[in-house]
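Pasting the structures here.
Both of the next two complexes hold subunit A, though its partner changes from subunit B to subunit C.
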Partner chain A sequence: MSKPERDPYTGLMTTGHEWNGIKELMTPVPRPVKFFLATTILLSVLLWILYPTWPYGPNYTKGVLGVDQRTIVEENLSRSAALRMVWEEKFTATDMSELEADDGAMTFVRSHGARLFEDNCSACHGLDASGGPGFPSLTDDQWLWGGDADTILETLRVGINTSHDETRYAEMLAFGDQGILDSTERRALTTYVISLSRPDELTEQQTEGLPVGQELFLDNCSSCHGDDGGGILDVGAPNLTDDFWIYGGDAESIAATLRHGRIGVMPYWEDRLSEADRRLLTLYIRDLGPKPQ
Partner chain B sequence: MISQLTRDERSSAMILCALLTLFGLALGIVGRDDVLGWHGALLAFAGLALLFVVMRGYYDPNPDPDRITKYYDDPTKVGVIVSMMWLVFATFVGDWVAWLLVYPELTFDAGWSSFGRLRPVHTTGVIFGFGGNALIATSFHVLQRTSRARLAGNLSPWVVLIGFNLFCLMAVTGYMLGITASKEYAEPEWYADIFLVVVWVTYFALYIRTLARRQEPHIYVANWYFLAFILVVAILHIVNNLAVPVSLAHAKSYSLFSGVQDAMTQWWYGHNAVAFFLTSGFLGMLYYYLPRRAGRPIFSYRMSIISFWGITFLYMWAGSHHLHYTALPHWVQTLGMTFSIVLVVPSWASAGNALLTLNGAWEKVRDDATLRFMFVAAVFYGLSTFEGSFMAIRPVNSLSHYTDWTVGHVHAGALGWVAMITFGAFYTLVPMLWNRERMYSSRLIEAHFWLALSGTVIYVFAMWNSGIVQGLMWRAYAEDGTLAYSFIDSLNEMIPYYFARAVGGFLFFLGGVIGLYNIWMTTRMPALEDPPVYDLPPVFETEPAE
Partner chain C sequence: MLDKHAKLERNAIAFVFAIIFVASIGGIVEIAPLFTIDETVEEVEDMRVYTPLEVAGRNIYIREGCYACHSQMIRTLQDEVERYGPYSLAVESQYDHPMLWGSKRTGPDLARLGEKYSDDWHVAHLINPRDVVPSSVMPSYAWLQRNSLKNEDMDLHLAALRKVGVPYTDEMIENAAQDTYGQARPDSEPADAFLERYGEDSNVRAFDGDPGRLTEMDALVAYLQILGRLTDVAHQQASNSTGGE
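Right, the complex of A and B next:
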């Protein structure tokens, strides 16, 4: 224990307590501290009066301003809806081909459509819509379900292999995993599928075995991909005779597709984007692709 | 370490190690089909290793009976070193995830190194690994000096220190294995949480029992803060982690709360973790090491009192400001906002009390990097508490929430306040602990200071910029009611700031490495024949009860 003493530097008294050499001064609480404490408390009381704050039993004080965050959100949404109405009506009511011919509309599509695409589609299809392993490119003229405006719009609405009631549905069977074809048969089929687009790559021996592969193809694949392997848009079966591949066109990838199957998903957007937005996206996507000459 | 324990205590230690091993084995066997098994193995292995250490020293001669007339500093020594090791590890991981945001491919295609797993490794490593060990180590040191009493136990400090570090190890390894309770800053699962409760209650009991032995009539303010930290963290930890495991054999559990109640409980916890772990505990540190180093009395005893009760009372209400503009009822948001606004006053009173204590010692602040660390810490404490109250105002929060501004704010607090005060405290403490005249190199302290300060400033400025840019881009609408920017537009704008942040983080990490080296080399310096006397010895008015 020590007695209160005068600090030589400040001239103030200490409390008289000491802990291992540490002392404390009896400085009164400075006035700014008291002032700001009073100010902030008064400000708080004011805010309590103005805004919803204190709960009591079954309810809470609503505040004299009558503000509620739910009504604010609703107001904001309706204000935004009024702004959007100007163009949404036009894009919902006008025929798609008419819009495509309208330079003013397409300028809007290229700016707002780009942001819609970046926020909603680019995670899978890429920023430039060129796709990637497992996700088709949207910039070419190859389509699984068709590339006309109404078909794309429908694909956007219901998605592919989704939980939507009217979803587009397509599944490449897992011919290996489900025991439909053995490995020899799958190897013959792989060779045959390669021959549809790149016959030059095959060895002489492989070319000789093609009739076996062709027979297997007709038995197992043609119902979806067509007798000539050209694909059938109605069932979302891709063309196997071109050089566009979603899951890769090399022998290894084709063999993996045959063995394990494919069931790619494209989400449906009916619940997340308005019809006007989906139409905008459709026009944006078609605008990316090759233009008819 | 073992030589400081009596034969009886060594036996007790062996029993505890054996219990830990058995608990680990049980967990490992029950959870062998789950990731839980790994943590069982970890605990069993740790128990065996500790058992081996105790057994090796078991037949050493009994310690000097005079030991009870001295302070018990071995746990503090270990805590300081371990804390600095956690710092180096956790800031390394932090800088890694910072670079990940610039170069996303730096995960090397592995699950454990993905951003979502490494980020909690960083936050847990810094907050609990570095901060927690620093608090445990310094609280033991401060408690004994300001009470003039030895720790009330020779074994329980080790239970606290080792148990706490095992918890931290389970936490960070768990994240990399994919275990998480999905609660920010409370990610460890139920078994690790229960383990920590045992450790923490031991800590609380040890603290109270030592305080009860004190030979000073009054409890020094640093101890109020340490005690608030220990007590409130126990309450927060237990309530927020109430959960039902899917089975005793699985790591996964489900929170007892759901929906908005869960969110409110989580942020009541989250904000008070900032308050009582990262503020209260470190204020305890400040109130001891700053006046010691400055050689000045505390500016105002009365300011200490109103700040302590202001902080303790007001923080409890503020958590809801983390949930502005959410499903949380509007009235809870207004309440949280107003209490957050008042909170700035006791926070600034604390910072002011620290800065005004330096009156009469400013030439030391200029010359002594150690004291300068503590000065800068008090400044950053003031800055970040003001910023925090500001960001808690609803309209401000509508701009700042979910942006990097929050990240910048947190790092102004964690780097500028928590870490700086710890460095200042450690550089004051280490020569005292090892009976050296000074640290190994004052030039390295100087280098550490400038690296830490420049790293923090670069970091915080980068995040202010990126946060405000993000906030403005996200809320920008065109005249036709459509969004002006896509999310990826805002992300592309972040690249230069993310780059700057990662550079700032690297500087801070480098400072930490230098700090660890400097502290380690100080412990290796030859012992002095006539060591300086830093402390008044413990007082025994009556025969000590042992």
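Right, the complex of A and C next:
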């Protein structure tokens, strides 16, 4: 251990340590660094006063500015809500048919509705609303519960088979799993259901067996799907005589539907979308479909 | 004072303690008060626990690393609240051990995912995301539908969670494995027992579409459908502050 001495080159003192002849300078911290250190400490004291910082027991200092992120986001939200009011009022107060006849309103629906649809509906119904296996197309004129504006609006609000108190409820029974019909009966029924939309596809033998299937249909299916298989909108039972199928119209898919049943779910949107948004979406969906002549 | 460091540097033990003291200030100031400040975790009455099937689903969520791409935390920012719903409250992850807030969003935030889509959609989406969302970059998790759920140790999971403060009863822990069956098999005896233990509002469904088998898909979908639905408090708070919108 040597004594601190003055270094002849820099004019600064050494620490007094020496390792094999190597000595260490004790260079003081440069003044600019000291200055910035002092400034940041002063700044932090200032921020302690302005913003929420110091905890003490069950509470903390709130700062003189009274800044709270929750208040900020609420202010921002009410500001954007006020901006939306300009068109929301029009869409909630005006009759749907009137809006559909209003070109200005419908131009707005096509641009804003597309965004709403993409964010909320397209996951199931597809970007072009044409549906997919298990998820109905919204672009045709076939509807489970009805395609008029009020019905679609209600379906959006309460959903189908959801936990909403007023949900629409529809279930295709599992005729096989619940032991209501045996496999021979289900086969006859499958053939009959195919005959409703595509009688040409059946073999001669199958056509001969149709009366059996028809009787089964009248006993088991017609209360929901109607005597002619045309579907009943009030109970959400689909039309079986057209070529629109949610779960597939081939023999295999129909047999699976008959055996295991179907409980399709349409989520409800009352919690997630405002009344105006739901009306906008209703108009958007109706606008996608075939136009009334 | 600036010269005093020479003294400290010559005393190794004192130096170690000085380092520990200084380094712990940050932790003490940031973390310790969370346990003493009253308003850190909101007090709500309707907060419910995860059912055993949902806990199993949560474990799969962790196993598959879902948290690496999906957050479960809606921040107090306007765009997040408008897109996902009311911002997250601390109480909503009160029973999350560990919490899965995440910090990266390759996919969307999932904090309010529950009941947004149908079970069928979740199953189709997990088997192959591109079947329902053509532009998705999410990997496929088709094996969840094939793997039977390993549920025989669910009682141990629940017991461990109780040790860190989740209020499971002895009965819940004892019947944990049985309750995973009950929740995924509607109209069965185990389902009734399950509902009695966890309340009539619990979801009892064949989440994967097949009531005959209990799969990992059942568990994960059951978990995804409860996200953001353990309590209503965030929604209530949001409707109070915006005047009922």
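Note that the second predicted complex is superposed on the first by the 247 of 293 C-alpha atoms of A that agree within 3 Å, B and C clash if a C-alpha of one lies under 4 Å from a C-alpha of the other, contacts with A are read in each partner's own complex, and residues count from 1 in each chain.
The criterion applied here is as follows: contacts are C-beta pairs under 8 Å (C-beta built on N, C-alpha and C of every residue); 3 or more make two chains touch, one makes a residue touch a chain.
Here the structure is a predicted model, which is why all the values come from computation and not from measurement.
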Q: With the two complexes superposed on chain A, say which partner A:Gly132 touches: subunit B (first), subunit C (second), both, or neither.
A: second
(Q) Going by the contact rule set out at the top, does A:Ser44 touch subunit B (first), subunit C (second), both, or neither? (A) first
Q.
A:Asp219 in the overlay: touching subunit B, subunit C, both, or neither? Say first, second, both or neither.
A. neither
Q: Name the chain, either subunit B or subunit C, that contacts more residues of subunit A.
A: B
Q.
After the superposition on A, what does A:Asn76 contact: first (subunit B), second (subunit C), both or neither?
A. second
Q: Based on the superposed arrangement, let me know which partner A:Glu208 touches: subunit B (first), subunit C (second), both, or neither?
A: neither
(Q) One more residue to check, A:Val86. First (subunit B), second (subunit C), both or neither? (A) first
Q) Can A:Asp250 be said to touch subunit B (first), subunit C (second), both, or neither? A) neither
(Q) Once chain A of both complexes is superposed, is A:Glu171 in touch with subunit B (first), subunit C (second), both, or neither? (A) neither
Q. Looking at the overlay, does A:Asp119 come into contact with subunit B only (first), subunit C only (second), both, or neither?
A. both
Q.
So subunit A touches subunit B in one structure and subunit C in the other; where do those two contact lists coincide?
A. 15, 28-29, 55, 60, 69-70, 80-81, 119, 122, 127
Q) In the complex of these two chains, what residues of subunit B are touching subunit A? A) 145-146, 148, 216-218, 220-221, 288, 291-292, 296-304, 306, 310, 325, 329-331, 333-335, 337-339, 341-342, 344-345, 348-349, 352, 359-360, 477-489, 535-536
Q: Write out the stretch or stretches of subunit C touching subunit A in their complex.
A: 2, 6, 29, 32-33, 36-38, 76-78, 81-83, 85, 87, 115-121, 124-125, 131-134, 201, 203, 235, 241-242, 245
Q. In the complex of these two chains, what residues of subunit A are touching subunit B?
A. 1, 7, 9-10, 14-15, 17, 19-30, 33, 36-37, 40-41, 43-44, 47-48, 51-55, 60-61, 63, 67-70, 80-84, 86-87, 108, 112, 114-116, 118-119, 122, 127
Q. Given the complex with subunit C, which residues does subunit A contribute to the contact?
A. 15, 28-29, 55-60, 69-70, 72-74, 76-78, 80-81, 119, 122-124, 126-127, 132-135, 162-163, 264-268, 271-272, 274
